[in-house]
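In the two complexes that follow, subunit A is the common piece, with subunit B as its partner first and subunit C second.
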Partner chain A sequence: MHGFAFVAPTAQAEVTGLLEEHGSEARLLAGGTDLVVGLRTGAIRPRVVVDLKRVAELRPGLSDAGGRLAISATTPLSRVVRDGRVRQWFPALAEAAATVGSIQIRNRATLAGNICNASPAADTVPALLVYGAEVVIAGRAGERRLPLDRFLLGPRRTALGRDELVTSIELARPGAGTFAAFGRLTRRRGVDLATISVCCSVDAAGVTRFAFGAVAPTPFLVADESGVLADPDADPETKDRVLAELTGLARPISDVRGSREYRQAMLMVVSRRLLRSVVDGRGKG
Partner chain B sequence: MIGTSARRVGGVERVTGRQRFTGDVRLAGMLHVKLVTLDCARARIAAVDTGAASGVPGVRAILTAADLPRPIPRYGPTYRDRPVLAVGETKFHGEPVAAVVAETEEAAEEAAGLVRVACEELPAVLTVASALDPSAPLVQDPELRPDDLLGRTNIRREWHFGWGDVAAAGADCVVDEVYTFPMVTHFAIEPHAFIAAPDRDGLIIWSSIQHPYLLQAAIAEVVGLPLSKVRVFAPDPGGAFGGKQHAKFEPLLAFLALRTGRPVRLALTLEETFQAVRRSAFEIRVRSGFRSDGTIAFHDTECNALMGAYADIAPRVIAKSGYLICGPYRVPDARIVVRALLSHTTPATAFRGFGTPQVAWAIESQMDEAARRLGVDRLEIRLKNLARRGDEVVPGDRPADGDWAEAVSRAAAAIGWGSPLALGRGRGIAVAIKASATTGASYAIVRLHHDGSVTVMAGTSDMGQGARTVLAQVAGQELGVPLERIAIVMGDTGSVPFDLQTSASRSTVFMGTAVLNACREVRRQLAEIARELFGLAEGEVVVEPGIVRAPGLELRYEELLAQAWGPVRGELIGTGVRRGEHVPAHPLGGPPAFYEFNCTAVELEVDRETGEMLVLRHVSVADVGRALNPAHVEVQDEGAAVMGLGHTLMEHLLLDEHGRIRNLGALDYRIPTTKDLPLELRSLLVENGDGPGPYGAKGAGEGGLLAVAPAVASAVAEATGAVIRDLPLTPERVWQAVEALGRGGRPDPPAA
Partner chain C sequence: MSETARVSLTLNGEPRTVEIGAGRTLLDTLRWELDLTGTKECCAAGECGACTVYLDGEAVNSCLVLAAEADGREVTTIEGLGSGGRLSRLQEAFLETGAIQCGFCIPGMVVAADALLRETPRPTLDEVLQGLSGNLCRCGGYTRICAAVLRAAGAADVTG
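Up next is the complex of A and B:
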């Protein structure tokens, strides 16, 4: 590993100041489960690493107010998985977060780190997209918010400006009658990155949303507003046609985790299965 | 003591992180080494510019081939073909062009990144097909083997084994298929680490090595020192699996130590271990003839094994596995052609199973194919052909030395062979034998101290297989000493007597016998002392474990020694030897000391839509002669089974067109985790006391992985109808195979 300066500021203003000063030469450290891997392989060679875990404004935690849940940037995924509100209101996020790495990884890794790392295969992103998550961003000039799909620009690319960091992720509590589930395919059962991942939700109005991961430069959201997919009595072939249209929007690549053809086919299989379980769950109320 | 599951010696240290591995050794004034490598497999080296790198603070030396003696020193256990540093051309991705030595690891790494190598990438030989192509570039300079008729090919060596007359043999059914087994890496949890230090007029080497005495000889030869001036310390390795048998970068470190006059250390990263060792990939064509009742008529086989750029011990692996490719069966006629092919890839070496998993994959899959075509049950066809005790498996060689059918029957019973199967499930059963060590020499010293405690000095490496424990158990049994009063000294060629190697599941048989003989020698000395002390005649003294008896006399060893020696004290030193001599006329230099037989049976479920498999039950039955420590044998067997599931279901090294490993590292090279284990894993032992080792033991610890792949593939075929002949059976590959059967109709399940 090459040498770098390590700073652990206690105030958010110091963080934005350091970012403004060093620009792309600075890297933020949350759980470090992506960052340290990059430092070790030399994929990134920052001059300054800025630890976020001592920043007073960024204390780990989840808070809810006015039907919105805010997850601070330093909250480890294990806490997200355990949180009662997440489990009740955003069960698919709890499922997705619980698949990330291992217990050890989840005790360090943060939700914010998962999105800021901007991997096409980030497991929490499909769930966050389906739930319409908003990213809260702070910079020298103040705070702004972006819907997650506008925050993610491409592999390893986000909408963060030179002096900006993510301070929290916010989710609006879904209306009654929304059901969702997350599923993914991996090469083995223990610790693995997704070959493909899917989150599916059906709301009270019968709109079905899917977000697909690891099959495009960023995970992306699609929807069926016709109500066909949500209809338990619709005939399977019609459903498959709609599903094929939606999954057909994916642009998977071939790599060591799977071929394009396999990914495309599995997207359909996993989507169909998830849809069935969500629609069944909804049927049972 | 023998036959009890004594606690592992050093086990607590291993699991609490207190064990000191080679990588933990720190010496005063020690320097750190980083290798300089190129970004492709094969390139012509035009110039090496070390200017910028030398300027990094803390850099003490940068060695290139130009700094080494001419001709460049070469080493290797089979052929002296591997240069200490690449000369003129790199031959595989990761082969060092230069080595940087610095005060810190960070400085060495930074400087290594600044060494500029002007080079030109050249086309590389990366597959069996290209290695066999007469127009392909030669991996090795023909000058390295001027008298070899194959010198101008990439065939490093070719063997022809067999018996009878395949051409004349008739058959009712002929199965002719090709099977592939990819490159996989050992993935020992402890990456290789090496230290070399000048020691007055000699050298000391620390290495996580399985064969310290062969390393000592290799270093002595390459730097021109007598054996007595090279001392090898071999701290217990953290897993080895064959990947730490022979010298890797120790010769380079020896030159660096001599040049800098200081201790030098190199600890590989996990990624670098992938580039340092791997298993040979095989492409095997088998044409097999069967009678209509399933009796084997002949096997006609051609094994093309892809070694790397340098031979290491791979030719031995390839010859030995090819020689026994027909497996534990009676085969009337066989033709066996085996080739060891050079390629521009990581040098292949020994790997747990020593080539048997590759050949068993082919032959056992042939047995299944024949069973399906002939409508014979897959268990039945095996029992029908299996060699019974005393039957020859290779004419003229060691005959079957166990009740193998008993092992097969137990596996079949444990998996519920023949009972109804749930939808989507299948079962498979497969067998294999591995020839154990053929030749070799093990020497042991057993010291009985005057307080009755014991020190055993044995050159075996305990790399996790439990050698320390089992050798202590042998000494404890023979001398009646509890394990807490026995010390085992290993891993120091300066004080421990010679052992050829720790491999081929040989240590319990070879070193175990040497220790046993050394203990018996101590007992002989005790009898002599008692006779002299009490004026007794031959035959009047009986030395039992822990006790010396004579008419009217019963003394513990330490009581006898105290009476004999008084305040002057002393110790008894027993030496023991077990040798297996070289037999020049034998194709492998000697018959195996025993066969390691295994039968593996599995039941699994396949998700036809995704190709995912879940192994519900996995049974491994090993014929171990006698389990000296049943718990250890079982965990070795289970570990082997899980390792076998790795190469069966997920492991393979994928190369890009430049010969670089695409899945280089833990992220994309998958080995099984605890979550990937079968829901139920059972290891059963057959113990008939019929082995050549102490108390009838045979070797164990490799068997569990020999037959996993064919058993699993057989189960997948039963569950889905899809027969797969290429490993690993990844979900994607299973999915493809199921898809290929045709989208609409579900094919009939195989007949048997």
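Up next is the complex of A and C:
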């Protein structure tokens, strides 16, 4: 591995100071499950690695106030998966987080790291998009917030400025009558990147939202506000037409995990399947 | 800023201190600086689980942890699972069941299985499969590995 300095600051101001000083030569370390692989292969060659796990303001944890759940930047996914509020209020996020890597990976990898790594296939992003997650960002000038879809700019590209870091991710508790589910296609169970991933939700007003992962430069959100998809009695062919319009916005590529055509076709299949389970759940709920 | 790091950790219950390059992983440090070669390097990318150790009581891939991150933390490796020179019940079960073929994946398998049993003392086969989904066995010895974990958990012999 090429040489770099390792620092483990205890205050957030030190982190932003280091970022300001070193810019892209500094890399932030939370779980390290992407970063350390990059360091080893030489794909990432920073001058300084800044460990966030000893920063007082970023201590791992989930907290809720006023119907919003905040997940701090160093919270490992295993803790997100186990949290009762996540399981109850954001079940599709719990499902998505539980599919990341393996237990060993989830004990280290963080939600903030998953979004900052900005992979088109990031497993938690479709669920975060469907739940309208907001990214809390700190920099030398203070704090700002961005909706997740404006935070992700492209593969490996985020809206973070030179001196900025993500401090937490916030989610507003969905209204009563919202149902959601997550689905994902992989070549094997456990430790594989998604070939495609889909999150689907239907709210009390009958609006259906889908977020699609691994089929475009960033996962993206679409919605059907007509109520057709949420209607259990709607004609299946009409539903398929609406669904085809939404999934048709995907721009998948061909790679080792699947061809463009396969991804496009499976996006329809997985979306249809998820929609059915969400609409059924809603009918029973 | 220095490219070396001084790391003090509790390793298998004993305090240890090493001076290492900041880029050194916990896995390399265990094997090359601390002479604990039970933990194996295989994929070095977090996909195979051969390097699984406990870090502060949680199973992690030591190839994805910088040793510097372990400063002040507790690390338990395969060498630390037994006590008083005796193997743990789980380790015994791996031997009794014939779960060990070439043996290379086994230290990681045992640590991952130990973590599973701490959380789920009476797992179903499906829970064992889930719990070990981060560990690959090149010999394909999964049937007996799962049987060993179930045996350690007190289940009836399922190897047939």
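Rule of thumb we're sticking to: the second predicted complex is superposed on the first by the 285 of 285 C-alpha atoms of A that agree within 3 Å, B and C clash if a C-alpha of one lies under 4 Å from a C-alpha of the other, contacts with A are read in each partner's own complex, and residues count from 1 in each chain.
Everything below uses one rule, namely that contacts are C-beta pairs under 8 Å (C-beta built on N, C-alpha and C of every residue); 3 or more make two chains touch, one makes a residue touch a chain.
The structure presented is a predicted model; accordingly, all values stated were derived computationally and were not measured.
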item: Touched partner set for A:A265, first subunit B, second subunit C, both or neither; value: first
item: Partner chain in contact with A:G101 - subunit B first, subunit C second, else both or neither; value: second
item: Touched partner set for A:L193, first subunit B, second subunit C, both or neither; value: first
item: Touching partner for A:R257 - first (subunit B), second (subunit C), both, neither; value: first
item: Subunit C versus subunit B, contacts on subunit A by residue; value: C
item: Partner chain in contact with A:R140 - subunit B first, subunit C second, else both or neither; value: neither
item: Contacts of A:T33 with subunit B and subunit C, given as first, second, both or neither; value: second
item: First (subunit B), second (subunit C), both or neither touched by A:G3; value: both
item: Interface residues of subunit A shared between complexes with subunit B and subunit C; value: 1-3, 37, 189-191
item: Subunit A partner contacts - residues on subunit C that touch it in the complex; value: 1-3, 5, 21-25, 44-47, 49, 52, 55, 58-61, 63-66, 68-69, 71, 112, 115-116, 130-131, 133-135
item: Subunit A to subunit C touching residues, read off their complex; value: 1-8, 29, 32-33, 36-37, 39-40, 48-49, 51, 53, 78, 101-105, 107-108, 189-191
item: Subunit A-touching residues of subunit B, taken from the complex the two chains share; value: 106, 109-110, 113, 609-610, 612, 649-650, 654, 662-663, 667-668, 670, 672-676, 730-732, 735-736
item: Subunit A residues within the subunit B interface of the complex; value: 1-3, 37, 42, 185, 187-193, 256-259, 262, 265-266, 269-270
